[in-house]
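Order of writing sets the labels: A, B, C, D and E. Residues in every chain begin at 1.
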Amino acid sequence: MTDIPQSGAFPADRPAPKGGSLLVTDARTKKRNRAERRFKAYGIAALGIGMLFLVALLWAILSNGLTAFTQSYVQLDVPLLEEKLDKDGDRDPAKIAKVSTFGYAPLIEQALTDLVERTGVETELAPKALTKILSSSAAAQLRDRVLANPELIGQTVSVELLASSRVDGYLKGRVSRASLARDKNLDAEHLDLIDAWRDAGLVEKRFNWDFITGADASDSRPEQAGIGVAMLGSLFMMLVVLILSLPIGVAASIYLEEFAPQNRLTDLIEVNISNLAAVPSIVFGILGLAVFIQFMHLPQSAPLVGGLVLTLMTLPTIIISTRASLKSVPPSIRNAALGVGASKMQAVTHHVLPLAMPGILTGTILGLAQALGETAPLLLIGMVGYIATNYPEGVAEGFLAPNSAMPAQIYEWAKRADPAFYERAWGGIIVLLVFLLAMNLIAVLLRRRFERRW
Amino acid sequence: MDNAVLNETKITARDVHVHYGTTHAIKGVDVDIADRTVTAFIGPSGCGKSTFLRCLNRMNDTIPGAVVTGEIKIDEADIYDPRVDPVQLRAKVGMVFQKPNPFPKSIYDNVAYGPKIHGLARNKAELDEIVEKALRRGAIWDEVKDRLHAPGTGLSGGQQQRLCIARAVATEPEILLMDEPCSALDPIATAQVEELIDELRQNFSVVIVTHSMQQAARVSQRTAFFHLGNLVEYGETGKIFTNPEDSRTESYISGRIG
Amino acid sequence: MDNAVLNETKITARDVHVHYGTTHAIKGVDVDIADRTVTAFIGPSGCGKSTFLRCLNRMNDTIPGAVVTGEIKIDEADIYDPRVDPVQLRAKVGMVFQKPNPFPKSIYDNVAYGPKIHGLARNKAELDEIVEKALRRGAIWDEVKDRLHAPGTGLSGGQQQRLCIARAVATEPEILLMDEPCSALDPIATAQVEELIDELRQNFSVVIVTHSMQQAARVSQRTAFFHLGNLVEYGETGKIFTNPEDSRTESYISGRIG
Amino acid sequence: QGRDNVQVAGSSTVLPYASIVAEAFGENFDFPTPVVESGGSSAGLARFCEGVGENTIDIANASRAMREGEVEACASNGVNEIIEVRVGYDGIVFASDISGESFAFTPADWYNALAAEIPEGGEMVSNPNTSWADVNADLPDQEILAFIPGTKHGTREVFEEKVLLAGCEETGAMQAMLDAGMDEDAAEAACIKTRTDGVSIDIDGDYTETLARIEANPNGIGVFGLSFYENNTDSLQVATMSGVEPSTETIASGEYPVSRPLYFYVKKAHLGVIPGLQEFVEFFVADEIAGPDGPLAAYGLVADPELAATQETVANGTTMDAM
Amino acid sequence: MSPSWIALIVLAIAAAGFVLARARAQGAAKREERRLHSLPNYYGWTAAIYAAGPALLLLAVWLLAQPVATRSLVWPVLEAEAGEGAAPSLMMATCNVSPPGSTPPSRAARSPTPPRATCRPRRLRAQMASQGVALGSDVTPATRDAALHWRRISGTGDLARGIAVIGLALAGAAWGIRRARPDFRARNAVERAMRGVLISAALIAILSTVGIVLALVFNTIEFFRLYPAAEFFFGTTWSPSFGGGSELGILPLLWGTLYISLIALLVAVPIGLFAAVYLAEYAHRNVRAWAKPMLEMLAGIPTIVYGLFALLTVGPLLVEAFGRGGWLGLGWMQGGTAVMTAGLVMGIMLIPFVSSLSDDIINAVPQSLRDGSLGLGATRSETIRQVVLPAALPGIVGAVLLAASRAIGETMIVVLGAGAAARLSMNPFDAMTTVTAKIVSQLTGDADFSSPEALVAFALGMTLFVITLALNVVALWIVRRYREQYE
């Protein structure tokens, strides 16, 4: 399509004789205008198709994932019995800490039975079965609270506990009574309780900040899982990627496009770079494992290593787009600068680079977007799985402490058995896209400043 | 200098204004350009000659921020009428730009481009012929006939300018707008281009922007003098150069130098 | 025409050849260019004037495929010596290109760029002064003083050309190479630029390519006539124009036209 | 240097169990929560065998026993003392869309449905069956479409051995092939070779993918882990195998035939050096966790009937070669 | 002194060098009434670079080399005690004698380890335990000695490091300041340094390539020892099996890779290119400002979403059209997963790679070329097709190559969209799979990691690497050949 089309070059329809009125469009022009309109229509159609796909994907993501942003909680009064938690009664933190979460389970059972009685709902469920209403994190929640404040022992505290994923699913309309018939995790009878408690205001669905700020949870308690820590992992990784790949990519492109002599070595580099773009991302994971962990002894599962691997992976994207846009800066600009006695370096940094900026930004956005959504290489350097449960304690820790990343977290959730994780996976994608949107927004603003035609 | 025969009017402009953003580049120009005549636009640099020239084939459409108002008619048809197709207009009104802008293609393709899109050649042989003729008229054939397939951007400044002239005449426009077509040419090449202009005048209108008053006097039958966006004076070339009415014209003419 | 005072030699070229791939553009040129003198290069379009001019500040280095051989000395130093820093050379040997090529920046920044990178101004006020002076010398100050921060690419052809002249003189080079600096200028602006050239001659060397023999005769003390890549004749301007030795020179001169 | 968390990598099948344990461990001990990576049994063991030291992992999860070659590779890198811990069994079930027909299979049905070629009259002919009813008149007349684990999954091996091969023998096809002059290896290979005409589809992804495929193709029958099925009873119904319905009990008792053991491997050299490693390993196999009433069983792990022996192995730090 | 402190001091020295050299150059210029060769800042930068560059480089090398050196000094002692193998490294850990300066142990940061001198064998274990650091065994005296030895050596090393690096920085700064005379070509010096940086950046690409090759090659060789190369390269069946007797022919995988990439490019290139043309040449500024980043979002949606989109939406849709009893009644398609499904969806993902990059390049083509064409009476589409696009061709080819590269390297969409069947078929509605998908699955699967079934992943990676390298050489040649340089 880039060559002058042979059809129409030597046409049968000769142009209209000279002197025809301008107000009447001649046949050939009409034909060409039709081609013009077609061409433009193709453009609009192409853009439309792209947008359509985007909308379809976004719709799929939103409709599947928005529910992850709400969560059900149960309000419970738990008696913190001294005989269970502090047999000696001396409030020695060390001894209190000896009571494991298993020791707290009976308290919760007790509280639930009390609640059933208090709300006067008839049920045949055994006390142990009642706990299925709550997340299995309930005991840990309670324990943390007691350890933080041993004075509570002996009192009855009112706590808000996460409802289990099935209960949450019921309140979100995902779980029906019929589907519970074969589900050993929850019975329809539980739902009667939930209905009653919901009317009493003891069970409610709220915006789920914990999803945005929390850490991953194990497979048995999807209701507790959050993406916050992984988000931080991604953030630190992206910092590494941005700090390394943008300068290195731009520097490499400048060298290749503006300074490098045309010789075998630079050809080799050039071919190599385009080739790296085609290397499957998991191979970068193999490389990262060998170089950064086994050879350089960097810590495993660390965002720093992830960032380094992703840097190598994004470099070709940035280099290829930067080179393309450097190439498109007209030589006269360079000549003008050289002519007033600027060095080549000055000509490039003062004139060529600003003009190439839109393309560089595009490459960076594409590269970072790709890096932000990449999972496969992280698989091999230990960032996929059940990784971080705490926020890093500082910036250095942020780079070095084991962490996951958003796409890895999403990938992990999408594989898990409980459908509640599936919903979270999509919710995680929404968070990821918000990240991406923010990045794009910055790029749009920057690009606007640099764009001009000459 | 010929005695200009007055032909019927080809282009009429009435109260044309052009704004580039806040710059008011053309301020109410009225002019009638005759058929089969060479009209010269002269005036100090930056007075709006190119701008007005570009109005005549709606090339100003492509400049973001350029706003043209007023009426311009070619052959009685208002070229800013929505029914007018700028493509057809530009096929009829050819243009040579002030800065030579050869395509990054071979010399041959540069010239063949217009004839191809307008379907002027039935076959390759005809096209070759058109290209050769255009290059000859552009006074550059001898210099490039051995390197027709070398890129047009590898030519010298003056060669590029002549290439662009050849490219413009290859499509046989009815009106040819030439913005300083000889600015980079030596006297001999200039003479050849002026000969071409004279030849074109037999059938077509030519509007030429030039800063060389000698050239204007040599090739044109009518001359328009622009100053600060105004058309100060317009009339027969002989009269303008010998007996200008406006004092500004006179003082411009009398500073006659290069 | 002045009576040329012969000053000491500034530039010596010996047996300079330039090839563009297979094109042999300059064929063994020997020339001595004097200090504090205006030297004009004339010759038909495509004869190699620009090419030779670009050799003098090594701008040909930037054209892929251009190969320069021979020896060019400025102030006794071979400028193609590997020890010579082309950047320093170009700061010393300024250039105005044939096609105006303003930076896509503001008018002010276009001119201020050179002084900035050469550290010619200690502060903003000094820089403003340099810019204003350069624009005045480029005979464009009045037209742009109100729009110093408008883009340089939004100027008319002639204005761009003068802007590029202003940009080149702003860095105060010792030698100024000007490739058809007045090609897009009206007579008045041309006169102003010629005045500038005359002024520059007091302290510096100026080499000017022009296709206007009148201009060459007016501004230069020495003239070189190029033909098909050869330097055919070189000598005092008066002599070249009145009494050329070579028949080719004579026939070019006598075709005196524009 | 100074790693203070236990680092685990390996099988994605074991991952859920390991992460449940890790979470509980983090809640109840002062040690940091162990890091449990997925990546597959093979990749996990490969990293496990990279060497001993703080920049190597402490535990590799595996959904199969370590192979001879791997033990050798480990040894050549100085990883000599390895403790093998069997944590339980993973039941493998056959499930179909909830709203479709229900199935009661035998291994023979699967062999006849999926084998590439079946013996017929002394000749091997390419499998002509298109409907489950063709295979077994008791089965519904529904087109055969099976989503089986891809060749990367250990589950595939179990499926081949305990279903296809068993079926091959059950139907007598194996015998027929041997009779037709095939040697044993060739016959076995023929038994487990699945058809490639689009009836049997390999799934290289996870059970979620299999589930998605069944949702897209309600006629399909997929192979799942027991715990996955138990979490998705709202969309799947399980088929019986030889009349036994899969459950933690039937698998533990050996009644239900299709299951595989899950393991993890610990570097003995790391015990006592990596803080919390010893405790974590003991915690993992404790009755409260891995026992039939523990959270692992609740999530679908089939508790190991010989858990006590395993606990002893861990307590004594008995290594593989010592067993 | 920790490395970060050393680095900070070096930077401070560099800053001081900058200020002093700059001042000296300016002073000299004033005194001697002559112009400086370069701008004063360049003199400052020279001194700063002389100060910081070599010093930081030395620091980096030292950081890498010291542990190795120390280790080789202490190792024999430990080995004598612990015997062969890797156990010594754990013994070192036992005494927690991490040389200061290596990554600070996070645990130690929270609870300081006991003073080194008290590292007494018997008490140590209890001491550490009281701080929540469990030691597996009692510390033997030999270990303790080795540890102390280690600490002594690394302590000396650390001191020497600090002195050497800071000394070098000071010397560099002094040298830079001394050279700050007007005739010194400071700009050239700075630019040489910058150029050095640029070259090193470009060489990173080579380094990654070398790294990738090294990371793959040993296992690849191992694979070919276990499996005949001829069968790998020319085999037409891919059927790994756990029990051995696998057939591992790469051809079906390569075919799938090419077929899927081809379809993806057939989707992405026209759509992307037309969208780019529309955005750059027709669309209003504001439309462009928003549509372009929107399209770019397509590149950022995690590929797993595309995979699910292929599996759940596109696949079933295609079956309804092309499957048995579909609208078209063609019966070409068996199941939802097919080359077509994966190709289409991958094409969508690649649209922004083509569109955004091409749009930038098209936008950079000078307006004068468009004017030249329009002035001849060409329509806009003619101008675009025949003038603008050829001028932008190198960039567009770059964009397409990038998209092609991504297509070849993509995994998740293939796994979910194309099915796992390795097959040589012409029918785009058949399920197939690609090299990358198999690399991932064999690498993360359950096969014995020392068996050919797992090692084949490395051979696949290596082969793909070589093939794409060859394709890129061809592409480079084509681009060189058809480049139209404007101006």
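What we mean here is this: a contact is a pair of C-beta atoms (placed from the backbone, for glycine too) under 8 Å apart; a residue touches a chain by one contact, two chains touch by 3 or more.
Bear in mind that the values here come from a model prediction, so they are computed numbers and not experimental data.
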Both-way neighbours, i.e. chains that touch subunit B and touch subunit A: C, E
Chains contacting each of subunit C and subunit D, listed by label: A, E
Closest chain to the centre of mass proxy, which here is the mean CA position: E
Geometric centre distance via CA averages, subunit E-subunit C, whole Å: 49
Intercentroid distance (Cα basis), subunit C paired with subunit B, Å: 28
Distance from subunit C to subunit A - Cα centre to Cα centre, in angstrom: 59
Whole-Å gap separating subunit D and subunit E, where each centre is the average of the chain's CA atoms: 35
Where subunit E touches two or more other chains at once, by residue number: 103-104, 106, 187-188, 308, 366-367, 379, 382, 386, 390, 443-444, 485-487
Two or more partner chains touched - positions in subunit A: 4, 32-33, 36, 289, 299, 331-332, 343-344, 355, 379-380, 414, 454
In subunit B, residues with contacts to at least two other chains: 87-89, 91-92, 99, 113, 117-118
Complete list of chain pairs which touch one another: A-B, A-C, A-D, A-E, B-C, B-E, C-E, D-E
Residues of subunit E touching subunit A in the complex: 64, 103-104, 106, 187-188, 191, 194-195, 197-199, 201-206, 208-209, 211-212, 214-216, 270-275, 277-279, 281-283, 289-306, 308-309, 313, 348, 351-353, 355-357, 359-361, 363-367, 379-382, 384-386, 389-390, 392-395, 398-399, 401-402, 404-406, 408-412, 435-436, 439-440, 443-444, 458, 461, 464-465, 468-469, 471-473, 475-476, 485-487
Residue ranges of subunit E in contact with subunit C within the complex: 36-40, 185, 187-188
Complex contacts: residues of subunit C adjacent to subunit A: 57, 59, 62, 64, 87-88, 90-92, 94-97, 99, 101-104, 113-114, 117-118, 153, 164, 167-168, 170-171, 173
Residue numbers on subunit E that touch subunit D, as the complex places them: 84-87, 89-90, 93-94, 96, 98, 102-108, 132-137, 239-243, 245, 308, 311-312, 315-316, 334-337, 415-416, 419-421, 423, 431, 433, 437, 441-451, 453-454
Subunit D - residues contacting subunit A, complex: 3, 5, 7, 9, 12, 15-16, 18-20, 22-24, 26-28, 30, 32-33, 35-39, 43, 47, 50, 55, 57, 206-208, 225, 227-228, 230-234, 237, 288, 295, 298-300
